[in-house]
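What follows is chain A paired twice: with chain B in the first complex and chain C in the second.
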Partner chain A sequence: MSLIDVRDLERTFVVRRKVDGGRRRVRDEVRAVHDLTFAIEPGEMVGYIGPNGAGKSTTIKMLTGILVPTGGHLRVAGLDPSRDRVALARRIGVVFGQRTTLWWDLPLRDSFELLQKMYRIPPARFRANLERFVELLDLRDQLDTPVRQLSLGQRMRGDITAALLHDPEILYLDEPTIGLDVVSKGRLREFLRALNAERGTTLVLTTHDLQDIEALCDRVLVIDHGTAVFDGPLPALQAQGGSTRTLVVDLVDEAPAIEVPGAVVRRVEGPRQWLSFPAEASAAPIVAAVAASYDVADLSIQEPDIEEVIRDLYSRGGV
Partner chain B sequence: MAEVSRVAETSRSPALGHLRTYGQIAWLWIRAAWQYPLSFVLLAIGNGLITGLDFVGLWIMFAHLDDLAGFTLPEVALLYGAGSLALGIADTAIGSVERIGTYVRTGRLDQMMTKPVPLLVQVCADQFTLRRLGRITQATIVFGWACTYVEWTPLRALVAVSMVLSGAVIFFGLFVGFSCIQFWTTDATEFANAFTYGGATVTQYPLSIFTREVVVALTLVVPVAFANWYPVLFILGREDPFGMPSWLQFASPVAALVTLVLALLVWRTGVRHYTSTGS
Partner chain C sequence: MLYVAIATRAFRRYSTYRAATIAGIFTNSVFGVIYSYAYLALWDENPTAGGYDATDAVTYVWLGQALLMTIALWGGGTTDDLAERIRTGDVAIDLYRPVGLVGWYLASDLGRAAYHFLTRGIGPTVIGLVVFDIRLPAGPAAAAGFAVSLVLAVVVSFTIRFLVASSAFWLLDQSGVKVMSGAFAIFFSGMMLPLVLFPGWLGTLANALPWASYIQVPADIWLGKHTGGDLLAALGFQVFWIVVLLGCCHAVLRAATRKVVVQGG
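Take a look at the complex of A and B:
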């Protein structure tokens, strides 16, 4: 059985709203998630993406047992999350990017100790894990600082340490790099990759930052209007929607639009021209043809833009 | 609690295991507060002074009266001390339960739900503080003084001990039960306070100042009469002014148990409502 097993998962909400200037109340049923099916195996790193309101947090809440599904089948590590919430909690770690799990007024060290008591982590393992994560995440100097005095990046690293002290099998990360600077983002991604490689921790990541996905996830689940519109490896997502690659040509002099077989000019700006060609075609003959007929100063190839692909997916409402 | 039975793996008795976790978390909070000893001491003293004024009020009243609805000052002090002591203990133990609405609004409750400790234990232990130590100290002094006027028998002593413990459990249950309203509407604190702190205020006076209907309500609906009134009648060897059955004077532990069970059921319903609506 898969580590995370989701079949035809459904969650509807009842929304009451006033009509006729507040005299009458109407019950509306909103389907936040429906017909959602996927399976995640141990050790996978999965990016869970979608626009705001697509059903991402609703799914994560159901996976962690905070919210009861209204329909479908759901098992995480063999457990029914909402029924066995407390037992499941020992096996998962959850980081909500914008809200800290840590205790605002306590030094980091005390927060970690509280978690040791809650999870009943054996002291030896607790010390070893704390030592390791503090080292890797560079938190040693912050251990005695109250959480409210930490920078956003330090707090995020503290939150990630807090979520990992009990060696969870699955780590859910909700927008882990939001608000971090480029260096912090890079270090965090590096850490998560190492964690997955060393301990085989399964990672489920929701994010708006597609670089997180590119750096971390072998697999992408795109959700829109409450259901999965794409599930597969990143290159397959990039190849979606008849996507194209772009050859950027810098000519020595300005020239009319280049004419070569297999590519069309999309844009001309002074001596620079943008030619698009099918993503699966080889760039070599096109480059050769351009170089044979024009004076070329420089060439570069752009891979399909994942943001564009996803925007395209959303607008078409699925595949 | 259904939650309780499922976490039994690490300890023989789940309830004891949770109490231990509660104690450990509470202890960490006390230790953290002790980093600022002056503020800790001032808070406790302040709390003691404020609650102490309650009793000073009674004292002043007795400067003009010989008795209050048939009760002398030491007798009223016994009622007041027992009620206040039970309230102080319960108020300390419930920690942040009253603020459960805030926890819902800020998403803190969601985070607590991802931890392997039953929610009620976490909420009660969160931000644990001994600021109520002032009330407990003050109540103990008044209660101790009033006790010197009592003609003790072994049975009366036993009823006194059970009274304080049962009273604490009754107030604990009332706080937990009424806080649950916040699972449905997050700004019902004032409504809940009318029953919890309102009920507590009532226990400062002999219930003989009220009508029979009020006393029935304080027995059956908000059962604070069991926290001091009935057992104190027995300890003082007095007739029940309303002619209530005398076995009620021994029923405090039962009332406490019923209140606690009902409160835990309401709590569980509240949590279930939360997980099924997500709001």
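Take a look at the complex of A and C:
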């Protein structure tokens, strides 16, 4: 059985609104999630993406057991999340980019020690885990600082440590890099990759930052209007919908638009030109053709812009 | 053990606000002096009012000042953290934890109460002892009874504050309920006026309500008004309200969790 098993999952909300200036109340049913089916195996790193209001957090809340589905089948680690919420809590870790699980007025170390007691982590394991995460996440100098005095990046790393001390099988990350600078983002992604490689922790990541997905996830699940519109590996997503790659050519001298078979010039800016060609085509013949007819100073190839692909996917309402 | 660890952290957390503690001790002492003179004037008119003599009355004033923050009479304490977490939605994180909210916040509040007892409790009492003629516990039984009663008072007060904070699950904000509950607490705890002075049915009612556990019960034990079986009955009264109110806390929390879990939010 899969670690996360979701079949025909459904969640509707009842919204009451007043009409006729408040005299009558109408009952509307909103389907936040419907016909959602997917399975996640141990050790996968899955990006769960979709626009605001697509049903991402509703799904995560159901997966973690703090929201009861109104229909369908749902098992996480063999448990029914909403019924076995406390038992499941010992096996999962949750990190919210915009909320903290740490105690605001206490030094970081105290929060970790409280979590040790709460999750009944054996002392030896606790010390080993703490040592390792503090080292990897570079938190040693912050251990005795009250959480309220930490920077956003430090707090985030503290939250990730807090979520991992009890060796969860699944780690849910909700916008983990939001508000972080480029260096911190990079370090965090590196850490999560290492965690997955070393411990086989399954990662489910919701994010608006597609670089997170590119850096971390082998698999992407795109949700829109409450249901999955794409489920597959990232390259397949990039190949969706006639996406193109771009060859950026720096010529030695300015020249009129380059003419080579198989590629079209999109933009010219001084000696630099942007040529686009189908993502599935090989770049080699195009590069050769350009080099044969022009004096080329430099060349580079840009992969399809995943953000564009996804925007395209949303606007078409599925594949 | 988890709950001891929680209480220790809460104690440490409150101890970081030193200036607030000192200002608080000062305020309690000033009010203690004012109330003492008011009570002395009152007992000068009627030297046996409510079965207290003037020394009992002044002792009662300083006990009230010492208990005020220890039990967090008009709200505050760690239940305010809970209300805030409900308002912001952070309480959802608490639901991810494999531990109950009531026990968690109670342990935390006991840690806070221990800190407030050692500072805002003992501090003003020392001032009272120096400035006025204050009665000490009648004997070891009264002293031990008072200690137990004090802890019970904190727990009763906690359960009521927990219920007030839980109102935020439905009202989003606890402040209205908190103000109302605080007014009841000041009046019915005997903070403003000892319940022994309340006449007829009002006195009977006030002595039966949970707020009597806040100040009147521990103070009467200190003053030696309850001895022997009577002392046990007074403690039993507090325990009764703890059982009832803790039951309410769990029921309300279950309903609130159900609301959050079922309705989302």
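By definition in this document, the second predicted complex is superposed on the first by the 292 of 319 C-alpha atoms of A that agree within 3 Å, B and C clash if a C-alpha of one lies under 4 Å from a C-alpha of the other, contacts with A are read in each partner's own complex, and residues count from 1 in each chain.
To be clear about the criterion, contacts are C-beta pairs under 8 Å (C-beta built on N, C-alpha and C of every residue); 3 or more make two chains touch, one makes a residue touch a chain.
This one's a predicted model, so the numbers in the text were calculated from it and none came from an experiment.
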item: Simultaneous placement of chain C and chain B on chain A, clash or fit; value: clash
item: Which of chain B and chain C A:Ile301 touches, first, second, both or neither; value: neither
item: Which of chain B and chain C A:Ala291 touches, first, second, both or neither; value: neither
item: Partner chain(s) touched by A:Phe13 [first = chain B, second = chain C, both, neither]; value: both
item: Touching partner for A:Ala257 - first (chain B), second (chain C), both, neither; value: neither
item: Contacts of A:Asp84 with chain B and chain C, given as first, second, both or neither; value: first
item: Partner chain(s) touched by A:Thr101 [first = chain B, second = chain C, both, neither]; value: both
item: Partner chain(s) touched by A:Asp110 [first = chain B, second = chain C, both, neither]; value: both
item: Residues of chain A that lie at the interface with chain B and also at the interface with chain C; value: 13, 58, 61, 64-68, 82, 85-87, 89-90, 92, 94, 96, 99, 101, 105-106, 110, 113-114, 117-119
item: Residues of chain B defined as touching chain A within the complex; value: 3, 6-7, 10, 21, 24-25, 28, 31-32, 106-108, 110-111, 113-118, 122, 275-278
item: Chain A-facing residues of chain C, complex; value: 1-2, 5-6, 9, 12-13, 16, 89-90, 92-93, 95-99, 260-264
item: Sites on chain A touched by chain C in the complex; value: 13, 32, 58, 61, 64-68, 82, 85-87, 89-90, 92, 94, 96, 99-101, 103, 105-106, 110, 113-114, 117-119, 146
item: Complex contacts: residues of chain A adjacent to chain B; value: 13-14, 58, 61, 64-68, 82, 84-87, 89-90, 92, 94, 96, 99, 101, 105-106, 110, 113-115, 117-120
